[in-house]
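Listed next: structures, encoded as structure tokens.
Shared chain: chain A. Partners: chain B in the first complex, chain C in the second.
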Partner chain A sequence: MSRFLKVFSRELANALLLVIGVTAILYLSFNLMPGTFIGKGGGVEGYLNLLKRLFSFRFGVSPVSGRDIKSLVLPAFRNTLLLTFGSLFVSVLIAVPIGIFSAYRRFKSYSWALSIFSYIISSIPVFFLGYLVLYVVARYTGFLPVFSVSASARGMPFLSFVLPIVVLGLGNDSISEIVRLVGGELERVMSLDYVIAAKARGENMLQASVHEGIVIPLISIVFSKIPFIIGGAVVVEHVFNWPGMGRLAFQATLDRDLPVLIIIAFLSVLFVRTTTLLKDMILYSYRTSES
Partner chain B sequence: MSRQIAALEHLKVYFYDQGDRRFIRAVEDVGLTVEQKQVVGLVGESGCGKTITALSMMGLIDGEPGVVGGRFFFRPKEEDRRALIFAIMRGNRKKYDCRKGELFDLFCGLDDCVRFDADPFTVIKDPEKWLRKNGRIMEQMRGRNISMVFQNTREALNPFVTVGSQLVRAVQCLENDKNRAALAARAEELLLSVRIFNPGYVMNMYPDALSIGMSQRVLIAIALASRPGLLIADEPTTGLDTTNKHRIIDLLGENMERGNMSLVIISHNIGIVRTIADRIYVMYAGLIVEHGNKKEIVTGRKNARHPYTEALVSSVPTDADIKRGKKLKVIEGVVPDNKMETEGCPFLPRCRYAKGGIRRKCRTRRPELFEVTSGHRIRCWLFAG
Partner chain C sequence: MKRFYFEKETTDRGGFYVPLYRRASPVDAVSIGYGLFVVAYLVVFFIISLTNSFIKDPMQVDIGQMFMSPSFEHLFGTDFLGRDIFSRIVKGTEAFFLPGLLCIAISTLFGLGFGILAGYYPRYCAGAVFYVLNIVDSIPRFIFILIIIILFNPSIYVIMIFVGITSIPKTASYIKAKVELLKKNRFMEASRALGLSQATIIFKHIIWIYSKTVLIIQATLRMGESVLIETSLSYLGIGVQEPAPSWGNMVAMGKDFFFQGKMWLSTVPAVIILMTIMGLYLLGDGLNSLYNEKVSR
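Up next, the complex of A and B:
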């Protein structure tokens, strides 16, 4: 346990350093832009001032829109998280069974079709898939509008909520990667001695290889995909009018609303680095459970 | 004569060497029969094909083409017979003679998946078809009917799961009891039966905290959990010190008696096998070169043993030899490389007896298993006719 704490504090320090480094770069580059925000032009002191505000989560009021930044950003942040994790869940739900199926040697001749399917799905650009789905749903089901959370009370609330998640889940390129990784790892693990030994006793091979063959590769790939999925979320938010961080950032850029932008950037870095930390610690505790 | 539980006939296992572009004949002609409550020993130097033989019986060969010939008759437990017949019949368009009394051929359908070409020598096998067919059959047999303890002790336990959970999973293969307490109690009982006296503590341990001796016991306990009719133990004592070696052998013996189980024990060490086995099969370069009951093999009359067996037995020191400080005998020469196309007797390069008129025969024709006395056969021209 004490070893866990040691590793945890080391990783935490790493994460903090990264967040500080990124905010420093943000500060420098934002100084070059027209507009104003907390600590702008204040040199090192201004930067420290900004850091203090960021880490105490006192974001203040946007000089452009005159609204409280926290009440603007946090709901958007929550919506983006929902979209990100929801779509990851969809990807995993589709990819893992295909990966498992393709790992079984006795089904090799059926599984290539599924693998090809996963490649095709993953190679369709998200915006294209988004408009395609919108078109098909709007045209053939008559549920309208399908693209606005605010208007959803009149349309199909469920549809407007689920469609973006499904589209991002299908269209981010993680499905084919999960299929490849889980399929490959599972196939490797299924030929390890302890799995063959379990099979020799008449036990389920999948149960014997689930930790090393599925859970561990899945944790590492899912967490490392998060930054990219956030990237894809920006596009989907636009197509589906989803009130998330991507749309907020886009609007803030148009408005030259630097305080909002810097906070969005800060929250994104914080979030991404936190998930990485989480991943490392989960994988670490998995490995040490062996000893 | 008591009832047979398993009869392996003419097993052939080949692998294809991508680099050299030729077939490796890992096992060429192996047959063995096991009777109920009998201990059968399989001995031979490393690399002679013992593990491959065992894995073939389990349907666990990894590599192409793998099993290409032979039949494996097995008597399932009463309650599993229907499921086995169903698995054998499923997908069979032709009628097979897959049955011999109460024994069923677990390699049924093999001939349909394999084709031999003579010139150049090639074996064509449909691995997927075989895997589907044999997989269905073996799924019914593994665990409750036939089970195996692996050679590589340290790597045969799942490093991510506690000893207790692994035992419970194995117990569940026999009786799918939902009651956790009952399962745990049965797991503890199993650990006690392999003389682990603090089962509660060991159950919560992860495998890599166990010593080799402990892992081996745990593995045996896990294999016994499903009360298999036939247990194959591959080198169960390798890597253990002498005291532990004998304890493991005793354990296997005890549990065999108790569980109405037959045992195939595999070892490169004939000294270990002869303490427990009723019948011994001696293997050399993928062939059975001699088999008979223990007495005939270990303390046979002079000139009534295969030259290889003789060398093997005399390389194990007796107590008297150790007292007198006698030098250990070794078998001169090296094990032939299986890639070699052996036309004659594979033991020829190391054989002391291949002299005079017989030598030409040894070089050009492979000897069959000649019967010396009932149940004692030797693959050597010295014993022909």
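Up next, the complex of A and C:
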């Protein structure tokens, strides 16, 4: 246990150091920009001020819209978290069965078609997929609310989450990668000695290899995909009018609202580093509990 | 040349040298072939759009021929101003081809440099180099690009330079792992004992002989990514601007007519984007499993 705490504190310090580095780069870029801005200048003292404000979550007021940044960003951040985790869940739900299926040698000819299918899904441009889904759902079926949160959900607000989550889950170009990784790892693990021994004892091969073959590669890839999915969320939120961080960032770009964008970058870096820390600790405890 | 590969290439079929094209499984062969087809049409499109011949003028507005269906004269139909969609698609390769190559060049060059620094001199450089690379890695790429767009109001070339910078860490970490693996090998020890200079060891043995394949795979995947990013940005309206054709802004312009049933306006460029990205990813992954490197996107 003390070893776990030691590793945890080391990784935590590492993450904090990285977040501070990122804020330094953001501050530098903030000061490189031509023109005058509120909060610009001040050198090292200004940077320390910015750090203090960022880490106590007092973000101040947007110079463009005049609104409190905290009340603007935090709900959007929550919505984006929902979108990110939901779409990751959808991706895993689709990709893992295909990966397992393609790991068995006797299904090779079917699984080839499935993996090509996964490539096609994951390389559809997500903006086009969004419009296609909107078109089909709005025109031909109409049982899902098309535009989002609390607009037309008729008492069932969670229904409006379905379309964007599914679209981002299909189109975030990670499905083919998960399929490839899980399939390859599972195939490798299934030919290891201990799995063959388990088969000889009459156990299920998949059950014997599930830890090393599926869970560990899945954890390592899913957490490393999170920054990309936040990026893809910008486009999906634009298509579905989802009140999230990506749309806010895009709006801030159009308005040249740099403080909002920097706060968004800070929050997403915090989020990414937290998930990376989580991944490292999960993998660490997994390894120690196995051996 | 081939004898340098002995430990890798002779593992199949009882130790004899087997050429690459015979070791490829049918799946790999098909995916690499399709990927090469995609690369071929990209190059051909780019050359055609440079020479400005063989195609109709992509900027030519013809109000009399709006929303034409695909026909022999207009291969993919015409758009809402009567411009020929096929020639706009051909011209649209200009939007990402050279910027994508720039992105590949930057990520490969700097990734190679940082990776070798961190792998070959781990005592002095690894910590610092990977601290900087982790900083770059932990900002989500799209948000980073948006910040760059606010700060510098850049052209697509500058954006792609920064996309290249954000993909340095990936290349660097693969190269570092490769170098660490190679350093344990006997031939490194032997080459040092023979008195080869460090430059020879690094440039000839590490980079040219052993890291080539990783770099090629990385480059193909980078190209796919830069197509994706360029089309997404142009779709959002902050990449390539409208009169200049780009596959992204063609989809964006066509989507307004999607609900009227005029589907090919945005479907054709979207399908081309799909084919291109899929081909580049398939090429990268096919080469990956052919050379048995473990490179992911």
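Just so it is clear, the second predicted complex is superposed on the first by the 270 of 291 C-alpha atoms of A that agree within 3 Å, B and C clash if a C-alpha of one lies under 4 Å from a C-alpha of the other, contacts with A are read in each partner's own complex, and residues count from 1 in each chain.
Just so it is clear, a residue touches a chain if its C-beta (ideal position, glycine included) is under 8 Å from a C-beta of that chain, and two chains touch if they have at least 3 such contacts.
Everything quoted here is computed from the prediction, not taken from an experiment.
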Partner chain(s) touched by A:S109 [first = chain B, second = chain C, both, neither]: first
Partner chain in contact with A:S191 - chain B first, chain C second, else both or neither: first
First (chain B), second (chain C), both or neither touched by A:P97: neither
Which of chain B and chain C A:G60 touches, first, second, both or neither: neither
Partner contacting more residues of chain A (chain B vs chain C): C
First (chain B), second (chain C), both or neither touched by A:G43: neither
Chain B versus chain C as contact partner of A:E203, first or second or both or neither: first
Contacts of A:H211 with chain B and chain C, given as first, second, both or neither: first
Residues of chain A defined as touching chain B within the complex: 105-106, 108-109, 191-203, 207-208, 211-212, 286, 289-291
Residue ranges of chain C in contact with chain A within the complex: 27, 131-132, 134-135, 137-144, 146-147, 149-151, 224, 228, 231-232, 235-236, 238, 248, 251-252, 255, 258-259, 266-267, 270, 273-274, 277-278, 281-282, 285, 289, 296-297
Chain A partner contacts - residues on chain B that touch it in the complex: 58, 60, 62, 127-128, 131-132, 135, 139, 141-144, 147-148, 150, 152, 155-161, 169-170, 173, 206-209, 219, 222-223, 225-226
Interfacial residue positions of chain A with respect to chain C in the complex: 17-19, 21-22, 25-26, 29, 32-33, 112, 119-120, 122-128, 131, 135, 139, 173, 176-177, 180-181, 184, 221, 227-228, 230-232, 234-235, 238, 246, 249-250, 252-254, 256, 258, 261-262, 264-265, 268-269, 272-273, 276
